[in-house]
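After this come two complexes, each holding subunit A, first together with subunit B and then together with subunit C.
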Partner chain A sequence: MPEFIARRLVQLIPTLIFILVVVFVLVRLLPGDPASAVLGDRALDADVERINRELGLDRSIPVQFWVFVKSFLTGDLGNSISLRIPVTQLIADRLPITMLLTLMAAAIALIIAIPLAFVAALRRERLPDTLIRGGFQVGLSMPVFYIGLVLLTVFGANLRWFPVGGYGDTFPEHLYHLFLPAVTLALSLSAILMRNLRAAIIEVLDADYVTFARSKGLRTRLILFRHILRNALISTLALFGLSIGTLLGGAVITETVFAIPGAGRLMVDSIYGRDYPVVQGLTVTLAVVVSITFLLTDLLQAWLDPRVTK
Partner chain B sequence: MTILRTMAVSATALLAATPLLAQERGGTLTYGRYADSLFLDPVLNDANVDIWILSNMYDTLLLPSEDGSGVEPGLATGYEVSEDGMTVTLTMREDIMFSDGSPITTDDVIWSLDRARNPDNGIWNFLLASVSEVTSPEDGMIRISLSQPDPAIIPALTVFNSAIMPQAAFEAADGETDAEKAEAFAQNPVGSGAFVLESWDRGSEMHLVRNEYYWADGEDGEKLPYLDAITFEVIPDDATRILRLQSGELDGAEMIPFARVQELQNDPNITMELFPSTYVHYITMNVRDEIGGEDNPLSDPLVREAMNYATNKEAIIQTVTFGVGTPMESYMSMATPLASGDGPLYPYDLERAQELMAQSGYPDGFSTSILALAGNQDDIGISTALQQMWGQIGIDLEIQQVDNATRTEEYRNGTFDMRVAGWTNDIADPGQITSYFAYSPTIDALHSGWMNEEVDSLFEASQSEIDVATRTEQYARIQEIFNTTGPIVPLYETPYPVALQNDVHGFVQIPLGNNIFRGAWIEQE
Partner chain C sequence: MSESAQPEAADAARRSVRLPRPGHLPLPFIGGALILGLSVFVAAFPGLFAPYDPLAFDYNAVLQGPSAAHPFGTDNFGRDVLSRVIHAYTIDMQIAIFATIFPFVFGTAVGALVGYAGGIAETIFGRVVDAVITFPFLVLVIAIVSVLGPGLGNMYIAVGLVGWVFYARITAAEVRVQKRLDYADAGRAMGYTHARIIFRHLLPNAITPAIVYWMTDMALAILLGSSLGYLGLGAQPPAAEWGVQIAEAKNFMSTAWWMGVFPGLAIVVTGLGFSLLGDGLAELLRTRR
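Coming up: the complex of A and B.
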């Protein structure tokens, strides 16, 4: 197992280098430059040239890349062009918010998906199954910002159960503020997970070892948890791990609707603002986060199914 | 002719537009903004998100009046312009202090103005370009010597970039260069305004507390501000911002979309303010003879005139601003000093437009394009309306949705056909807008390639013309030429839509955009 982890970590290095190069070049291929983006329509040519020179953007891309790599290796991601504070500080402030939101959304998605998948699978093609699947179909077809606004209006503004957006100041407040956005984010993921898990459970239900366990007279609950859930979860877990990346992406819209100062909004603002250092630093950091999530998913899968590491 | 104006020192006169209720003190006002500030340095900033709140943290020698067209006393109690217009002498207010309790000295003033007019600093130094030297001839006096008479120097002293900052605290900040020091100082600033920055969670929340050492008196005879603190919350989504206001979590919210104005006007708990502004909305046309090697129909003045008459501004005002906007009478807003206008420009006249097209070099019409900001409902609404309206004079309009940086690049390179655009003044003077819109050396008249020698020479003359009557005539002629032959399709002016709880009073957003919180107060229960 340690060897498996080490191998995966080493594989991560070329991936990160590749991402680094691609994002560095891509962001510079976009039309417009940071000075014009920051200074806006009124900037005079002399101002734009002066600012680009100050930022070192008048140098060739290979030279810029070399400068970037040198400071990157010392842990310095540079300063944000528009906000004028270190990128590392920005990421340290805002990424944890998005991570917490994503984790809560993932947990809520699982809490919704697993029981419903069981009910749907065990009552296959009957009323509960139809209702559950139909409900999720409707949920999946609604845009995230719309779901967010409906939840905000009903549970925030009208019922006053939850705050209308924002992030709060203390950890319990963060959890409270993030609940509605996490639910918003979780709904589409839980629909996908539920359908996948339902199919997997149905497959396992028909497997020989379940028939065997039943014929041995094992209690239903034991069969459900030890045999069915564990085996059915393997494929769903892979899907779940992959979905974390999507969740991080979905956080962009959710963060905007709920006024959460997370990394998703930072990324969008930075791309629009052509804030190269922030886009670069954030992309690489997110790549690391997603890669580690994949690694953890693999480890969990290996634990559920030892054949994976072989 | 002697220009001598001294102003009343009384700060009470300042707040002459008093509400009927008596001011109450204390409390925190929570205000929802559509975007966070970027960099709170008066000299080096470059965005409205900074400019429009900076005046709460730093005072200038003179302050802009609430109607945005005049000046009032600030850190200086009065000023005098010499007969030849070459010197401005200001009397400093006595016993004024920064937010850390240290005195505001003439050295701070000289240093601040020298920093603001340094051509290497930021993009606003042109406002003080006429200044040749700032000195203190005697204690409590500031003398600004000019290299040429400058009719806009007095309003320039009310603009955010000429704010007074503490030299000692700034220079003690970490960093080698002015920019590095500014970055360090802005994290933990010492100010001269009514409020001072206490904490700032980027992208989320900014907290300002009252400056205990602020100089101005309130209506109740005590020092301003009335509020203990202001919290700015960043809520980019319009619907969420309004929802937070309606649920009582905000005391005020800016940038209310026009589609929601009427609904909030009918809300009994909310005061929907439409503050007069200098905000004009227009289409910029590239009028170069060729764009990308191809003939450009927009270079034909008859075509531009036809397009202007074919534009039904009233319909656009109804559909895009829900009736809130008003038609433009000149390229500058009517709130701009020396603006001249007699009625809306180019009243809708389709027949005339068709006749003009028939006389033009393109009687059979042509294809062209317009840049709209992707995702911006106003831009897309305007473009779609124009597509339909100009279709009636044979123009096939392609709408290109792009992001801001892409649009700016095409604009600056002069490779665009047309774009949707907006403008607000930063100074109570027609010089700034005219320099960008009409005077070709600045940015090729909105990067349109338009050039008129008479306008250029009139503008140059007006920049050092201190006789008000002569300057008014110069501006009347500039506006006449630009409004009839210029490279724009004027659309409408809009106010600043701000929604406040009914118990919030005394807040104003002046026509230049500055949010002024020093006279704001909340009814206490």
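Coming up: the complex of A and C.
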């Protein structure tokens, strides 16, 4: 196990370097120089020069890359052009909101997926199974932003059960404000999880150890939870890790629909405002969040199922 | 029992070479093909179906509910929603194809080469895949679009830069299996070139999963394209595109539900068409093997 952890940690290094290279190249590919993009066409030469110096664009490419890498290592990502505060602070303010939203969505997706997967697997190829799978197929084809708008209109604007946007001030208020967005985000994830769980449960149902447990006369409910759910969840865990990127992408849209001041909303705002330091910092940060999530789910999976480490 | 099973199996094998008759096609395949065939036809000739000009304002008919004159109602500029949904087929079907064709072709080719070569090429490729999947796809695409500027052309470039990786991974895995089979050895024994073995012999046998994924990917492309349209980074208003239409509808969700429901429905139906076709193809190609 320690060996496995060490190996996974070492694998993280080339991934992080690659992330930095991609984002660096991306920003340099910019057509025209960022200074005039920021200042507009009628910018004074002196201003253009000042911005270029601020962004470090007057130096050679290798030096720029070194400065770029160093800025991430020291956590100094420069200042936001439009908000005039350090990018690091901006991300530190906004990212926790997105993480909370993502966590809630993941929890809700599991709460939706587990019971339905059981029903579908135990009533395989019969009406409940067909209905559940058909419903999720439709759910998967629905755009996140439309689901969000419908929930917002029905439960926010019309029924007034939930706020129509914002984030609140206290933690319970945060949970309350994030509930509808989290449900929006959870629906497509739950469809993917349900499909995988159903297949895993069916596989486990036919496994020898379940037949053995049954023949020992264990109660069905005990078998379902102790044996089947545990094993089915292990494979779901890997899928969970892989879905984090989709969830964060979905958060960009949900936060825009529900006007939540998270990292996703910040991303969209910074793109409209051509605030490149923020876009660059956020892209790297989100990629790092994803690779750390991969690492954690891998380790968790290895802990639950030692065969993985081999 | 085993004697009677023998000719049956032989019969099945013989039949599997030919394309199945329409009555024997999997049901999802028929459903998906019907939906998409119709969608492509509408996309090619929207003028045949749309009763109005999708861009024409009519201030005498603003925000009207569905009626005989306007089956899907009108929007806040009096534009006919049905005509806009129909004309949007042209853009959205184009997104489905243009955003995925390069990743499909390039990705399967790279995947075939990598899977065949193995060794160091596969190790390096594995690292590239690991790195690419750590970028949240939508975030990366938005970041690229932000650099290149909003618009569909730039969205295709952004998706192309990232999307091929998934096809390559799928195909590499399949080719890795196929290259160990006897017919690949036979090709080598015959002295065929690597290129001929890879593209004429291995790839046709290894491409099924990539094709099935392609169908899913086209549905995802429409979701992505409409999401970007919604965010204002894809198709630009006043163009008729489903995501753009839903973005226009967002302030009228409770007063004029029809503005958003019908474009939303179009996305769902088209997406369903692609996933049905994908499921059907998987079934069809599996039995043919």
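Here, the second predicted complex is superposed on the first by the 276 of 310 C-alpha atoms of A that agree within 3 Å, B and C clash if a C-alpha of one lies under 4 Å from a C-alpha of the other, contacts with A are read in each partner's own complex, and residues count from 1 in each chain.
To be clear about the criterion, contacts are C-beta pairs under 8 Å (C-beta built on N, C-alpha and C of every residue); 3 or more make two chains touch, one makes a residue touch a chain.
None of these values were measured; they are calculated from a predicted model.
In the superposition on chain A, A:Leu266 makes contact with subunit B only, while subunit C stays out of contact range. Within the superposed three-chain model, A:Thr246 lies in touch with subunit C and out of touch with subunit B [touch as defined at top]. Contacts of A:Thr130 after superposition on the shared chain: neither subunit B nor subunit C is touched.
Touch criterion not met for A:Thr211: it reaches neither subunit B nor subunit C.
In the superposed model, A:Gln11 makes contact with subunit C only, not with subunit B.
Legend: residue contacts after superposition of the two complexes on their common chain; A:Ser71 is shown touching neither subunit B nor subunit C. Of the two partner chains, subunit B is the only one that A:Arg84 touches; subunit C does not reach it. Legend: residue contacts after superposition of the two complexes on their common chain; A:Thr153 is shown touching both subunit B and subunit C. Look at A:Thr220: by the touch rule set out above, it reaches neither subunit B nor subunit C. In the superposition on the C-alpha atoms of chain A, the part of subunit A touched by subunit B in one complex and by subunit C in the other spans residues 30-31, 145, 149, 152-153, 157, 256-257, 272, 274. Against subunit A, in their complex, subunit B makes its touches with residues 38-39, 46-47, 120, 123, 179, 183, 186-187, 201-205, 233-237, 239-241, 243-244, 246-247, 249, 402-406, 408-412, 421, 436, 442-443.
Interface residues of subunit A facing subunit B in the complex, by the touch rule stated above, are 30-33, 36-45, 47-48, 50, 54, 79, 82-85, 90, 93-94, 145, 149, 152-153, 156-157, 160, 163-167, 256-261, 265-266, 269, 272-274.
Interface of subunit C with subunit A (complex): residues 127-128, 130-131, 133-140, 142-149, 219, 223, 226-227, 230-233, 243, 246, 249-250, 253-254, 260, 264, 267-272, 275.
Listed in rising order, the residues of subunit A touching subunit C in the complex are 11, 14-15, 18-19, 22-23, 26-27, 29-31, 137-138, 140-146, 149-150, 152-153, 157-158, 242, 244-246, 248-250, 252-253, 256-257, 267-268, 270-272, 274, 279, 282-283, 286-287, 290-291, 294.
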